[in-house]
Structure formats: structure tokens, C-alpha cells
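Have a look at these structures, which come just after this line.
Heads up, the next two complexes both have chain A, just with different partners, chain B and then chain C.
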Partner chain A sequence: MTSIRLLALAATAALTMGSAISALQAQELRIGLSAEPSSIDPHYHNLSPNNMLSRQVFETLVGQNEKQALEPSLAESWKTLDDNTWEFKLRRGVKFFDGSDFTADDVLATFKRLPAVPRSPSSFAPFIAGQTIEKVDSHTIRIKTTAPAPLVPTSLSTFGIVSKACAETLSTEDFNALKCQGGTGPFKYSEFRPGDRVVMERNNAYWGKKPDWEKVSFRFLTAAPTRVAAILAGDVDVIEGVPPSDMARLKSNANLSVVEELSNRVIYFHLDHFRETSPFITAKDGSPIKNPLRDLRVRQALSMALNRQAIVDRIMEGQAVPAEQVLPSSFFGTSQTLKPTPFDLAGARKLLADAGFPNGFKMKMHGPNGRYTNDTKILEAAAQMYTRLGIDIEIETIPPANFFTRASQGANGDPEFSFILVGWGAGTGETSGSLQALVGTFDRTRGWGAANRGRYSNKAMDEVLTEALRTVDNTKRAALLARASELSMNDLGIIPSHYQTNVWASRKGIKVTARADEYTLATGITR
Partner chain B sequence: MLAFIIRRIGQAMLVIGVMVVIVFFGVNVIGDPVWMLISPEMDQSAVEATKIALGLDKPIWEQFIYFVGNALQGDMGRSFVHGEPAIKLILSRMPATMELALVALFMAILIGMPLGVYAGLKPETRLAKGIMAVSILGFSLPTFWVGLMLIMFFSIMLGWLPATGRGDTVRVLGIETSLLSLNGWTYIALPALNLALLKISLVIRLARAGVREAALMDYVKFARAKGLSQRRIVGVHILKNIMIPIVTVLGLEFGSLVAFSVVTETIFAWPGMGKLLLEAIQRLDRPVIVAYVMVVVVLFVVINLVVDVLYSVLDPRVRLTEAKA
Partner chain C sequence: MTDTPISPAMLAGAATPVPKEETPFTRFRKGFFEDKVAVAGLILFSIIVALALLAPLITPQNPYDLRSVDLMDSRLKPGSVAGEGFTTWLGTDGVGRDLYSGILYGLRISLMVGFLSGLIAASIGMAVGLIAAYAGGRVETILMRIVDLQLSLPAVLIALILVAALGKGVDKIIFALVVVQWAYYARTVRGNALVERRKEYVEAAQSLGLSNARVVFRHIMPNCLAPVIVIVTVQTAHAIALEATLSFLGVGLPQTEPSLGVLIANGFQYMLSGSYWISFFPGLALLLTIVSINLMGDRIRDVLNPRLEK
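Up next is the complex of A and B:
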């Protein structure tokens, strides 16, 4: 018995010492990711984990800082020559991993590759649609657009540049097999094991500030409890996507530190604006009624009856902030005057009565399960709040794969539901894209309203937004976007609920720069 | 024997055919993969472009004919999500799952058999009753919960074993395995135990029932009367006779260990094909789901064949009937 105990003790000691030694030498950083990339080809799939990993290896022309403001990266500076022309000065002295120089030719080759990646599930081509690129000299490019396009620098912050050699000869499978030596980033890929991990090594010839880590392994720990267990057990040094339910536990752990940052993701309710009678709304006795959601007073009542603070405190356990528009007011193009609607049940009841529904009505709400943090619980809470308002609520949560198909195109091609819970992350870090997609009038030819699952339409807002999208001057554009936000939010095109915060946990002594875009970048992690 | 195998393969082809039709059209009913693949910020024309790039713009029956045509030439299609051949993705993940299932199976036999035989021989002792009580827990506790408890105890509280992932792998005959290094075993121990728990309980119950029945048989009494040692009676006469039901069940269970290790793989972040399947279902990656189902059907058929062959080894009666037939 004693010998077994001794053995166990020795084993524990050896393991602890082992981890202590590795912590001392800690040239390797181990990160637990919440989602897995579909590929490490930077142009194959416009998907958050793909973009996050690839921007550390294949740098973009324009960077985004932790608050998603634009900053120079491979392009040192940019300016407009006239309304339809942007000029970018490229950084000199930058080398690819294979030792060749980074020049305008590589940018041109990347532009050519974007629309030409076979079987791309979500191409980057839309970002450069309507742009023609030309080379001025080896380190200057010009981008011409058919109409004034203030968002050119933003669109160039979405994809990485690969060397001409890689762009012209390599397929997605070649990239996955680590055949491309044509990146300029602080790290280069050294291993890619789908389902398991991606490993990167430091690029010692990097032009910028060299990162603290010689080696970084990103492990795919997609189940939240697994991620938490992994950091508690010391398998990894940093995890992203800390679930709200474990927040208190991790915060109280003396060996860990937790950082958070307001995200670009808003959770909101989309409602049926376009049908005279809505499929999931009836009178309480089940007889058909006119769609009440078309009446602004009803929408206001629904917004006032939503106790946002309770959702934030109780369900999100503080990992959220009540929302009033499509992006938190610290982002570009938001309104500074909008405030989250305060909870006011009596006022809501009165508005509902004024609108002709003193006894409420019957409504079925739909939402995805497992797509957003605590989505099912939020829907349940909202249902209870609306029951107090006097509406008979039924809820149905549906697996995301099925939910988004039906919410976007039901059986007859129109959105199927009456009242849904959805979320929206603004990858560009400004409001124009969100407004255009969520509350812009649905129009296939213009590409507006692609995610407008309530088919909200507001001509005045459309006009202001159209104006904003061709205004190159930043101050003027910000004001126009704020105006468009106010027009659509005061009219409750959507009912915003809350903004999520992104939370990282790390071992003590390792500092993580929290980011609005949910990215975990090894360059932002220091000792 | 040959006729038997050919008949089996014929049946398998039929099963595969039916499964492929069900899965192909079933996945299509759930939803349109394009909404799971495309970046939500993209506009309508980008959605159309993705549909065209993946061939989802065609009517479903046309997609099916195209798929069958390619499948007959050995091409199972490419994953919508990863863009790589679906079969390649599955086969690359298979060794991890196989080794996990194998270790779990051996754990089930090595732990379950002795305990079960003991409980069968001395059913009235306290230890035997304790074993049976624990085996009920093994049946009824949910795998994900037990998995988390194992991690909590062995990884977080004691810090003995890593909580997640697979250890260093070595390439043997072209197959990556983590079973040839100590480091690999520390990683596989917990997930394999978690996966094996239910099977251990199963083996305990089967072995106990078998032993209790066999112990009363005339041949055992005769052996005892002949003065054979207890060890020989149990080791040869009883064990041999109770093996047939156990081999049958374990054979089938091995298939389910491989095919449905999804929960364990997810909790322990084990890079096997169960995780791949789960993600494929979540993202409606039809080519991967279809290919996976085909692989699993083939696997079950092979296992059943092996079980049948083992029968004839274990039970001379089976050999005799076959020889006559």
C-alpha cells in the first residue's frame, strides 16, 4: 500500500515539476479555441476561425486593431485621389517566408485568386466586387471603383495577401498541406491536424514587433465544458469563449485571470413586417387577426416589456450589455443619442391596449438552439416577459441548420416565422453593413436586406444609408450612419436585446488582449 | 463459407444503397447547407454564387443522379465545408477512433470478465453484490457526465492525466497511432475508460449470468466429480461455454463503440471521426454524412463476419453444421 502511495506521489511530483519546467521555458503558447477552421487556405472560406488564424500568417493590407478600428499593416498608408480612386502605399522591405520580396505583384495576384478558388463555401470575391486594381510602381497600387466607395480600406482588411507564387499555383489542398511559403505574418504554419490542432512557429524575419512565443498551438476544444476543464487542468494556457456559467468559478481561481471586451455581436428579435396576417400570430381563441407587429405601438410595447437588464444579469451572468442599436455606441457609425429602452411593463400594457389589443394575442416565437450564447434561455425569458404583458406565447427552438434555412427562405421562398431571436456580428466593425443587411429594404439586385428576415422596409432610412454608402468623408459618413441607425431603431425595425461580451481566461502571468471581433491572436498575448 | 460471405456482401450492398438514399434526401429535408456555410454578412448574389459553386442550385434528384454516377466510379464527393474528398477526411480520422474503441473494448474484457465471473461464482458475497451495484451505475449514468467527472477528478483535482486531446503519435505501416508511447497512453486512458464504462457493466452482467447458468450444468458437475481443479473447471469448461454470447454482443458493441463515440470524443476533444460526424451534421455537410454512413455500414458488416467466424472457432457445433451444409 505504502509503495503505491509513494509511486503516486512520485508521479504527481514528476508531473508537477514537468509542468513547472515547461512553464519556465514557456516558449510555447497553447490556446484552446471554441471553433474549428474549415481550412487554412486564407481565401477558401470567409469563416471566423479561418480568418482569425490566417491573419497571423497571411497579413492583410489594412489591419484592424482590438476595437476593430483600421490600422496600417502591409499597406503603410492610403488616401483617395478622387471619389472613385484609392491609392495604397505598400510597406517596403517586407519578405515572404521563402525570402522573396513583397511587392504590388503579389497583391494583384491575390486579387486574381479571390474569385477563383474552386468550391469556396463563402468566397471573398464580394469584398472586391466592383473594384479594379492597378499597379503604379512596385510598392504602390490604385483601386478604382465604379461608384464612390468609402469602404475600400475596410474591405481590404478582410483577406490576407499571399505571394504570387502561392496565388498562381497552389490549391486549397496544397495550402492545407502547408505547401505555401508565401506569407509575411509574425507566424508561419508548422502543423495542421484537422479536428485536433493548428501549430504555428515564429517568423524570425518578421518586419514588425516579434511575438513573445516561438511556437503556438491552437487546439480545437469546441465543447465549452471541455475548454474550461482544459485550462483548469493546465492542458492549455489560454481559452476563448468562456461560458457565462463558469465565469464566477474561473474568476475566483487564483491561478487564472479573465479578461473581457464588448463584442461586435448584437442579439436581437426580428419581427414580421411584411405580411398582412402573420403565420404564427392569431387571436387568443385561434382565429386569424391582422398582423399586430406592423403597428409601431405594438413593437414599442414588445421592446418596453423586454427586461434587458434582467437578461444581462440573470441569463448572461453579466457577460452582456443591454442593446439599443446594431452595434455598441463605441463603434463607427453608431448613434450617440439612442439609449436601451427601459423596462416598463405598465407603459407597455397601455401601448398594447391603445393599439387595439387590450387582451393581447397569441404568438409563437422561434430561435436557434446552440448558435448564440444561452440562446434558448433568452428566448424562454423573453417568452415569460411577454406572457406578463398579456400575450400568449409559445416558443420553439430549432437546430441552427434547420432554423436559418426556414427563417431565411421558408417553403415559398419568404421568411417563414413571425418573431425570431437572432444574432449579428459586424465583421467590418462599422454599422453600414449591418444596417444594409438587417433593416435595408430587401432587394436582390442591390444586394440589400440579405438578412432582413422580417422584410422591414423604411424608405427614409434607405435613402440616408444610400447617401452614407457613397460619402467618402469619414465625419459626414459617420453622421449619416448615425441618422440611419436612429431612423430604423426608433421605428423598431428590429428589437435589439443585448451585446455579447467576449471573454478569455488565461493562466496567471499571461496577458491576453481582449478583442471586439472575437479573435484570439497570439500576437496579442504576452508574458 | 464462400457462399455465406458472398451472400453477406450482397446484403451489405443493399443496406448501403437504402441508407444512402435515406441520408441523401433526409439531410436535404433538414435544411439548405448554404446558410450554414456562407458568411452571414454576404448578400443575395453571394448566396447564389455559393450554391452554384457547390452544385446546390440543381434540383435534388439531379444532384442525386450526379452523386450516384460519381460514387459508382469510387468518388464519394467532396466535403462542402472542407473542400477535400469526404472519404479522405473520414479515413484520416479513423485511426484515432479505432484505437480509442479498441482500448475501450480491451478494458471492457479485462475488467468486466474477471469481475463478472467472480460475481457469478460467488453471487452471495458482499463483493459480488457490490460489483453488481456498481455495474448498474455503469449502465445508468450518462456518458457525458461521467466523462466530465473523470476529468474533474483525475485531471483537475489530482492532476495525473491530461484532460483533453490525443498524445504524440507514431506512424506505423502508414497509420498514425498514439498507443506506442507512454505519453499517448496518458491521453487515451480517460476517454477510453469513459467509453468502456458501459461495456464493462455489460460484460459483467453477461459473464455473471453465463457463469451462474453454466455452473449448474451436468458437464461442470461431472468435471468436479472427476476431481478437476476449480481453476481448470472455470478457466476451460465454464469460460469456453459462456464466451459465445459475450463475443456476439461485444462484436456488435465494438461497431457501436466506433460509430457512436461522438459524445466521448467531443468531451475529451479526441480528434476522431465521431467529432467529424457531429460537425458535419451541424453544418449539413452532406457528402461527409453520406460517406460516414457508408463506412459505418461496411464496418458493421465486417464485424458481423468476424463474429461469425469466431463462432465456428469457439463452438464446434457451428463448425459441424457448416461442414454438412
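Up next is the complex of A and C:
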């Protein structure tokens, strides 16, 4: 007994010392990130962790708030002069870290650099494709497009502006070696150690509200249990990507607080719309059958047999919301009339029988293991539900990199699988990008259907979406996008399952602004 | 008892009673049962095998039949009553699978994978080792360099790559485990066979004009069996652990046909959140299985090792 008491005493002492130490370090914020950037060059790779970090150092012309609504940043205001011309007024009095002034020339240099970054795995050039930029005066720029382009401000919210000096002379390696002093953001990089951490220091000459922290270190703790253990031990002050299974434990801990926000990521099933016979679907005796997924009634049956609420409650432990379209209805361009399909097993069985499959069929479902929260378990739960519907289900989970390659392009260049679990986050915060990528008719030259792994094609939807992408008026465009959402969702181009919620945990007294885009920004963390 | 061979005891003197016929097997049995720990291992192992074999008769749920697994029963504490009315003595996992049923069915897979891969690897390895030792020369060099190459790479790594490339399934796991195991047998058998082939009985067999195949497989092979039996026990335990490792890493067996490794992996994320039983009980089952095999293996090695003979 005494030894146990001693142990408890020692533990208490250690805890008190821990908080004393963290009080001393209060000017430093330590954040545990769930993913690592591939570079700190803001234009090298269009990848969430890269964008998240660089947003705090290299500001964008147009900002996105925590709900992903656009807000002024380096551009103070913008307007359309005619359908094909946008004018942006740049903020005056902004200085780069090296003391030079931010002017239109820097924006022009950044535009020039975007398509010219060597060996970029995924460049930002598509965002400015079809745009010509011209300087009106030192703090005004105009962007001309070949066709009406309502998404110009959105596209300018995706990449940071670097000074002309950096843009013209520095390579990605130079950026990684911290040679660029050409950012305007609230923080500047002071250390980049791949595999370990990125450290930022406060920019004391920042034009906007100065952040609470002198120094912020972002540590790469990619395994969820490691992140949870780190915040419990007090090694970090904030973690992102709290796994649902640890929510209850973290919430009940008096030293921690937890915040959550509905994310822009939908988890859904993509199904084979384009093959006459689908490779992983057969009759129950193994003989080939016509692809049943091309029959709307079968798709409806599969949607009705999916108990979304059970997935949300049981697997996501409440950290999700049943989904009905590509983005939650609070986002721009969503339909307000669509509702998540209610669970109705009897109705689903009847639809399946009406479609000519009273005894079901056999189907193999595929999914990644470890890309989305609880992906394997969701697939297994769906397998249970579809088995009850009368379909013989097999599932196979595949490591993510391999899975996505095969799901997009199998051996013969077509998507390999019949029925897959996938997810999609809308970086732009509105529906046009998601609809175009997920349910737009696959067309490599137009850039449509990039993630349409079921090769769904709906002419009526394509037309409405094309119309929306040409409509500059926000109200009209929102209505068109809602219409396109309804056309594709009522036809079940995909079967949406749920929207994830993003969860952050922080030490008591540190307040985190939860964001829909999953970004953890030190500017949004206050004391 | 008319045919009793002349034993040293009989030659030593008539005073000593004639011992019962002592075949290598009875000698082995006697040696084995002398060790209480090994006997405990054998009993434990027999119970595990019996439970695994009887699984369909003594479990309340068929964990492979998705119809009987209900998401609404997920993460029930040990001793709770599931929706279908039975009591889950070991609790349920994250998708509602009864862990007691899951563990027994998982044991079937783990044991089958372990033994089948061990037997196949032993057969291949023995053949390669014997051929290398008997043929000598270039054949031996080539075969043994392949073995060296194989042994220089970590087993987990090779298995991981193979299974990732082949896909999931019991047959693929067995194949991968055979690939990573056969070299151990080949190496050991070759060493033994090199010693044996210089012995007089081989020379005698050869001078009788027997075919090479007959000399190798009927005469040399039986004399190399002792070390193989020892390696089979060690490697079976190793194979079971390796299968669990692969499944834990998500490349082994399909999620809907859980082996012990899959069950442990399923519970891993709940370790910090209090649902300890999802990983704990399958882990315990895996531990007991491997320990029981190793306890027997240790004693078998001692009994069969001529250098340790009293």
C-alpha cells in the first residue's frame, strides 16, 4: 500500500511540475499534427498539410474563414468589371519579412512562378489556368478570363503570395532551407526538420492582429494513439485529428478541452456505373450477371439498406453526421431539400426484388485501410447491412496508396473495382469542385470526373453544372449548383454515408478555433 | 518377445531384468513426459486445439456470417447480453462481433496457417537441403546461396511485400509464410545430411546399387528428422506470430474472416478509451498458444539433441 501511495505522490508531483514548466514556456505553442508536409515551399505541392502551414507564413490574396467563406486578406476588396474581368485592390502598407513593400509586382511574380516550379507533384497552375493577370497600378491588379469565371476569388484563396525576389530566384530546396524572407504572414519559418517538426516565430511587423504566441512548433505525430498520448502527457498543447474512440476519455479529462466542427469531407460509396458486367459482382452461384448497379432501384435499395445513423452512433461514436450530398447543407451551392435516406430494410428488399434480384447477388466491396477515420470498420458495417439485405458481401481493404491507384486506374486503365468506400474533402468550400470531380462525366481533356471512380455520367447534371461554372451571380450560381446536386444525388451517382467532424483537443485555457477545412492554424489558437 | 534384439542390458549381465522394447519413439516419449513444464504445455495446447476444432459447436455466433453480427452490439462489456440473447463472456468488438466466438474461429485460422505453412516449408526445405548435401558441387553452391540470400532478409519484410502484392486470403498468407520459412529447414537439413552421407550405412546402400533418390529419401532423410521436428515446433509458433503481425498491419487476412491478429488490430484503437477487452482477450489467446507450443518445443529439442543426452 505504501508503495502505491508513494507512486501516486510522485505522479502528482510530476504533474504539478509539468504544469509549472508549461507555464514558463507559455509563449511557445506546441501542436501535434496528423500529417507531414512534403515541403515548406508554398507552391511546390497542392497538399493539405503544406497549404495549412504555408497559409500562416505566405498569405493569400483572398482568405477563407473557419467556415471556408471568403474574406479579404492581402486583397482588401474585389469586384467584377464585366463578366470576364475581375479587379482586386491590394492592401497598402504591408511589408515582407525582409522589410520590402508588398505590391502588384509580387502578385505578378507569384503568378509566373506557379506553373514553373520544377518537379511539382501537383501544382497550383490549374487554379490560374485561363487567367491573364495585369497590373493597373502598384496596388491594383486585374484578372481577365476567357469565359465567365465566378470562382476567380476562390482560386486566389488557394495559394500564397511570395515576394518578387523569392519568386524569381529561389528553388524549392532554397525554400526548404529557409532562405525565403518574402512572406507577409503573422509567422515566419525558423526551423524545418522533415520527419520531426516545423517551427515558426512571430512576425512582429505583421499588418493584422498579432498572434498570442512568440514561437509555434508543429510536430508530426502521424499515428493517432501517439498524438493522444502526447497531449495526455503534456508534451504538446494542441492536437488535431482526435480519434472518435478517444473522445470520451479526452472530454472527461479536467486538464483538456475538446472542440469540433463539421468538416468539408464526405465519406461515400462510389459504384460501377459504366460496365455491362462488373468485375466484382456475380450471381450467388458465381455465374456472371448484368451489372445490377446500373439499375436505379438497386442503387436506391443499397442507399436505403445503409443505416447511416448506426454508423454515426456506433462506429464514429457521434463524431459524424449522416450525409445526403457532397457537402453539408450549410455550405455554398448545396441543396436544402435533399435529406439523408432513412434506413428502411423492408423497402430496400422490395426495391431489390422489383429490380429482378429477389435473391440478391454476390458483391465484393473495396476500401482503403487507414485513410479515413475508421474506414475499415465502416466497410465492415456496410457489409453487415448489405448481407441483411440479401446480398452476399465480401470485403477487401487495401493500403491507401495502392488502393487509390487501382480504384482510379486498374490494369486496363479503367477503375478496377465495383463498389468502393472513399471520401472527398472540398478544398474550395463549395460544391462545384466536388460535383465536377465526383459525378461529372469523365473527360480528361476538360478536367472533369478526376475522381469519378464509378464513371457516373448524367448529361442533365453536366449541363446544369457547366451553366453554374459560367454564372458569376452568386445567388443564381448557388441555385444552379443546388440543382446539379439534386440531379446527381437523386440518381445516386454516389451513395453518401456521412460527413466527418474535425476534432481538436487542447490543454485547458488554450482555445482552438475549429475549422471546416481541417486546418490547424496557430492564428486561430488563443489563450 | 521372441524377437527381442540384443540390448546392452542383456549383455551386461543376466541379473538385470530385461527392459521393455525401447524404440526411439518410446525413448522420446519418456524423455518428454519427464518434464512437468512440457506436459503442462502439451495439456494447454491440447485444450486450445480442441476448442478450435469444436468452435462451431460451442460458440453462440458464427463470426464469419455477417448476418449474425450486429453493429448494434458493438463494444459490449464482457458479460453483457447481446441482441440475439446470448451472453458475451468476453465482450464484443467495434462492429459487434462476439469475441469468444471470434477468438475460437480465429484460433482455427491461426493454427491451420501455422501448421500448414510449417509442413509445406519443412517438405520443401528438406528436399532442397538433402539435394544440396548429396549432390554437392555447383548444385549445392547455387542452392545454398539462395538460402543465404533468403535468410539475409527480414522475414516480416518479405512476407509483407509478398502479401501486399498477392492480396488477402488464407492461401496467400500460407504461401508467404512458406516462402519466408523454407530456408531455415534447408540450412539445417543440409548440415545434418552432410554428416550422414559420410557414414557407413550410406556407403553400404550405395554399394548395393540403390538409386540416388532411394538413398537420399529412404536412408539419409529419416536420420535428419530429429532437428526438423525441433524446427517445426519453433517455426510453427513463429508462423502464427508472423500471421498475427501481418494481419495486425492490415495486409493479412480479410476483415470479415478475422484471425487473432485482425481481432487484436481491431481493438488497438480502443486501448486508451477503456474498451481493453477487444485487444486483450485475443492477445491472451495468441500468447497462450505460442507459449504452449514453445514449452513443448523446448523439451522436444532437449530430448532429441544427442549432445544433451545424459
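One rule holds for everything that comes next: the second predicted complex is superposed on the first by the 504 of 527 C-alpha atoms of A that agree within 3 Å, B and C clash if a C-alpha of one lies under 4 Å from a C-alpha of the other, contacts with A are read in each partner's own complex, and residues count from 1 in each chain.
Throughout what follows, contacts are C-beta pairs under 8 Å (C-beta built on N, C-alpha and C of every residue); 3 or more make two chains touch, one makes a residue touch a chain.
Source: prediction; values computed, not measured.
If you put the two complexes together on chain A, you find that chain B and chain C both fit without a clash. By the document's definition of touching, of the two partners only chain B reaches A:T405; chain C does not.
Contacts of A:N46 after superposition on the shared chain: chain B is touched, whereas chain C is not. Of the two partner chains placed around the shared chain by superposition, neither chain B nor chain C is touched by A:N502. Contacts of A:A229 after superposition on the shared chain: both chain B and chain C are touched. In the superposed model, A:R249 lies in contact with chain C only, and not with chain B. The wider contact with chain A, measured as residues touched, comes from B rather than the other of chain B and chain C.
In the superposed model, A:T431 makes contact with neither chain B nor chain C. By the touch criterion defined above, A:A381 lies against chain C but remains apart from chain B after alignment on the C-alpha atoms of chain A.
For the pair chain B and chain C, the least inter-chain C-alpha distance in the overlaid model is 6 Å.
Shared contact residues of chain A, touching chain B in one structure and chain C in the other: 225, 229, 232, 399, 402.
Contact residues on chain C toward chain A in their complex (touch as defined above): 65-67, 69-72, 74, 94-96, 164, 167-168, 250-251, 254-256, 266, 268-275.
Those residues of chain A that touch chain C in the complex are listed here as 224-225, 228-229, 232, 243, 245-249, 307, 310-311, 314-315, 369-370, 376-377, 379-381, 383-385, 387-388, 393-397, 399, 402.
Contacts from chain B toward chain A in the complex involve residues 30-33, 35-47, 49-50, 53-54, 78, 80-84, 89, 92-93, 96, 148, 151-152, 155-156, 158-160, 162-166, 266-269, 271-272, 275-276, 279, 281-284.
In the complex of the two chains, the chain A residues touching chain B come out as 8, 11-12, 15-16, 32, 36, 38-39, 44-47, 118-123, 125-126, 172-173, 176, 193-197, 219-223, 225-226, 229-230, 232-235, 399-406, 408-409, 424-428, 433, 437, 444, 447-448, 450-451.
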